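In the two complexes that follow, chain A is the common piece, with chain B as its partner first and chain C second.
After this line comes the complex of A and B, so read on.
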């Protein structure tokens, strides 16, 4: 049985004025870490809220842990853990009190499921008498994850768990997700950070409410259609490089990517030397060009501009 | 039951950590009961009086000294003619002008009657009507005294006089505090219960915690009960403190059964909390909830019979008052505390309030949606 089955979901807001989710279908396999990747406003949170029975879809069906999200919401609420994008624990209760509260409303106790959260909880345990509102961003996320896990959910929903968290805590957080997955929990996670996407088993790239493609991160980057070049130079500014690329008749796509300009070309046989030659003719000298392996972000941009 | 116990534990923890709520619950009843009954006094004192005495006789002197020694009036002008005195009214220096015409005393002695002229500044309606009637009462009294002096003993019995001695039941000295304190206590209980409950669920919405609660298997009515009970307890604490203050400071001891009083407040609080929770489920922010509650509170308080008598309101207003829970509590408080009414007397009102409680809480539970 697949823990999450989503079948052509649609959701609009404001009497159909704003489309949040457009014909979205995907399935998540047991023990899978599945990522919804997309920029803000792609419809990720709406999908989460539909799947956690907080929001009714306009059309389409979805099953979570074997139960329909509309008719089986009671069973689903017993079986899923949800960590909303916004910190939503009681800021005036301590770490320990928040955890105990969420354990008791699921009719369990911290002791009973301590093994599930131990790895995470020991990191915040020294501060267990501190109020949740006074914690740092990373500690808040760890506490929220503990609270979402304390009732031993079958499926875990994490809506942008690492937004606003420092890079070290983000890395730790993803390592924890890996351990949870090996512990037998199915995880649906969303993130706007493309670099985190490669840590998922499979990802769905989303834009403006619809899914562009679903695959493993390796397959997605591997299926990039053209050779991709990274261009940099010490002499010329980024805008002038981009401008030169824009005027090159063989350029297919070009964009700034950190300190490099990434570009692909219509002529697949074009070599790095050809491009250097063109840039020289435009007065951009001493440029360095490498053929690179595309990242998820390159693939996302390619898919988003293709439409 | 277990769920409710943990919900309550959580709510009380949050309340005890919120210093401003605790301060409100403890300080508000004490301070308001100490200040309001003393300040919001119906008796009008310090009415500024300008006198135009064109007679300057012993009688007119006597009348003026009788008026000024009553304690209600303050002589702010003693003018030669009416126009000058009226200027004082225009300058807000006088509220009432008393004109004693020339030959007041001699006419009174000779013709057995005389006239006085009273002009009242009616911009402040209450002050005008009460000041006017105080003044007429003093003049009437003065009239009675001189009548005794003027009448010859032999003719005394021939004067027909209807005297109406009045006995004021339940509050023999028309002590203002006896009347105001129970009413103010009723409003305090309403405000604490109504505002605290109205702001609570909305706060969970604002902080986002409701999102986390909604994905749990918690039942709607458990959640609402978990919100209702703590504020019900707080409302009762406010009521106990209030009763204590009115006993210690004003010496007001309920004449009726105190258990009846508590029973009524218990049911009443359920109704007010139900309203608060309903507002709370309707609003998205604490600001909205606050404004809606203010609207209701203003209407409830001003139309509750605390400051103005419900019986003297127009018919349409009395229909509105029937839907005002505060008016029932104010009534019952006064009935039980001052009059010693028993359960039979307040049963009708108790049933109505219980009806409010059931309807409002049911609406609150129905309207609280765990999903959009």
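After this line comes the complex of A and C, so read on.
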């Protein structure tokens, strides 16, 4: 049985004025870490809320843990763990009190399921008497994850769990997700960070309400249609490089990517030397060009611009 | 049940850790009772009175002594010119003056009638009326004493008896009013705000995605405020008995039972507001404007309902505080039993039931 089955969901707000989710379908397999990847406003949170029975879709069906999200909402609410995007615990209660409260609400206790959260909780346990409102961003997210996990959910929904968290904590957080998955929990996670996408088993790339593609991260980057070049130079500025690329008749796509400019070309046989030659003719000398392996972000940009 | 208790405990923690809420919760009733009891009193005591005695004879002296003897007035005399009287009023030194004409005793003895002039500062009409009434009563008293001595045959005098509140103490009126006001504020506003806060901070989202029944969220929100409000009822009663010397004439148990009924009415009203709103500010505004104002205006505690236009009189019937005010007054001051207030209690029950049904009907098991 697939824990999450989504079938052509649609959701609009304000009497159909704003489309949040457009014909979205996907399935998540058991023990899978599935990622919804997309920028803010791509419709990720709406999908989460529909799947956690908090919102009703305009059309389409969805099943979570074998129950329909509309008719079986009671059963679903007992079986899933949900961590909303915004920090949603009680800031005036301590770490311990928050956890104990949510454990009791789910009819369990911290002791009973301590093994599930031990790896995470051990890091914030020294501060367990501190109020949740006074925690750092990373600690808050760890606490929220503990609270979402304490009742041993079958399916875990994490809506942008690492937004606003420092890089070290983000890395730790994803390591924890990996361990949870091997512990037998199906996880649906969303993130706007493309670098985190490669840590998922499968990902859905989303743009303005619809899913552009679903695949494993490797397959997604592997299926990049053209050779991709990273261009950098010490002399010229990024705008001038981009400007030069824009005027090259063989340029297919070009954009800034950190300190590099990434570019692909219509002529697949174009070599790095050809490009250097062109840039030289434009007065951009000493440029370095490498053929690179595309990242998820490159693939995302390629898919988004293709439309 | 375990979940329910955990929720109630959590709710208490919220209240106790929020110092400002705590201060409002327990400070407000004390402050209100003391303000209404001592500062906002409309009783008249020790008012400076000006005596302008042009007569300086036996009768005027007798009357002045009588005025002096009353606890309402403190006499300042020895002014004779009209100009100075004006000045005294303008400076606000005195609120009222008595002017005796020349030959006051003479005309009283020989013509069987005399007049004194009462001047009052009517820039505050209520006080002016009260003061002249008091003075009128003293003059009348003096007159009837004189008549007795002289043996004049016909003497009609009114004897007024103020029932339940012979000293016309303001406390009798406002303690039930403040009780209604405080309970209304605490229960309606606090419940509404605390439920809406969960919506606003997003914790409602997590609570909804849990096996905990949404309805129980609401009920467990109400329980702590019921208990806290009872503490308020106790503190108001203690203050009124020991500080304001206003005893509870009727059954205390009945008074508590009726208070609990009214608290539950207020809680359902708070729940109703919270179901219909989604931000703390709106909830607070509606609680204040929609609940506090009608409570002050239409409970009969500040303004007599009988004097209002018919439409407003009819409207006052849906204000729960009006019925609670009548109930508390009946129990505390008139010493009535349940037999005398069952109608009002029934109305409160019906209002509660109505609000409860409407809130349950419109309670959302999902977001928006």
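Here is the rule we go by: the second predicted complex is superposed on the first by the 307 of 307 C-alpha atoms of A that agree within 3 Å, B and C clash if a C-alpha of one lies under 4 Å from a C-alpha of the other, contacts with A are read in each partner's own complex, and residues count from 1 in each chain.
The rule is short, and it goes like this: contacts are C-beta pairs under 8 Å (C-beta built on N, C-alpha and C of every residue); 3 or more make two chains touch, one makes a residue touch a chain.
These figures come from a predicted structure and were not determined experimentally.
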Clash or fit (per the criteria above) of chain B with chain C on chain A: clash
Partner chain in contact with A:101 - chain B first, chain C second, else both or neither: both
First (chain B), second (chain C), both or neither touched by A:229: neither
First (chain B), second (chain C), both or neither touched by A:278: neither
Residues of chain A contacting chain B in one complex and chain C in the other: 49, 52-56, 73-74, 77-78, 80, 82, 84, 86-93, 97, 101-102, 104-107, 147
Chain B - residues contacting chain A, complex: 2-3, 6-7, 10, 13-14, 17-18, 207-218, 370-372
Chain C partner contacts - residues on chain A that touch it in the complex: 49, 52-56, 73-74, 77-78, 80, 82, 84, 86-93, 97, 100-102, 104-107, 147-148
Chain C residues within the chain A interface of the complex: 2-3, 6-7, 10, 13-14, 17-18, 201-203, 205-212, 365-368
Chain B contact footprint on chain A (complex, rising order): 49, 52-56, 73-74, 77-78, 80, 82, 84, 86-93, 97, 101-102, 104-107, 147
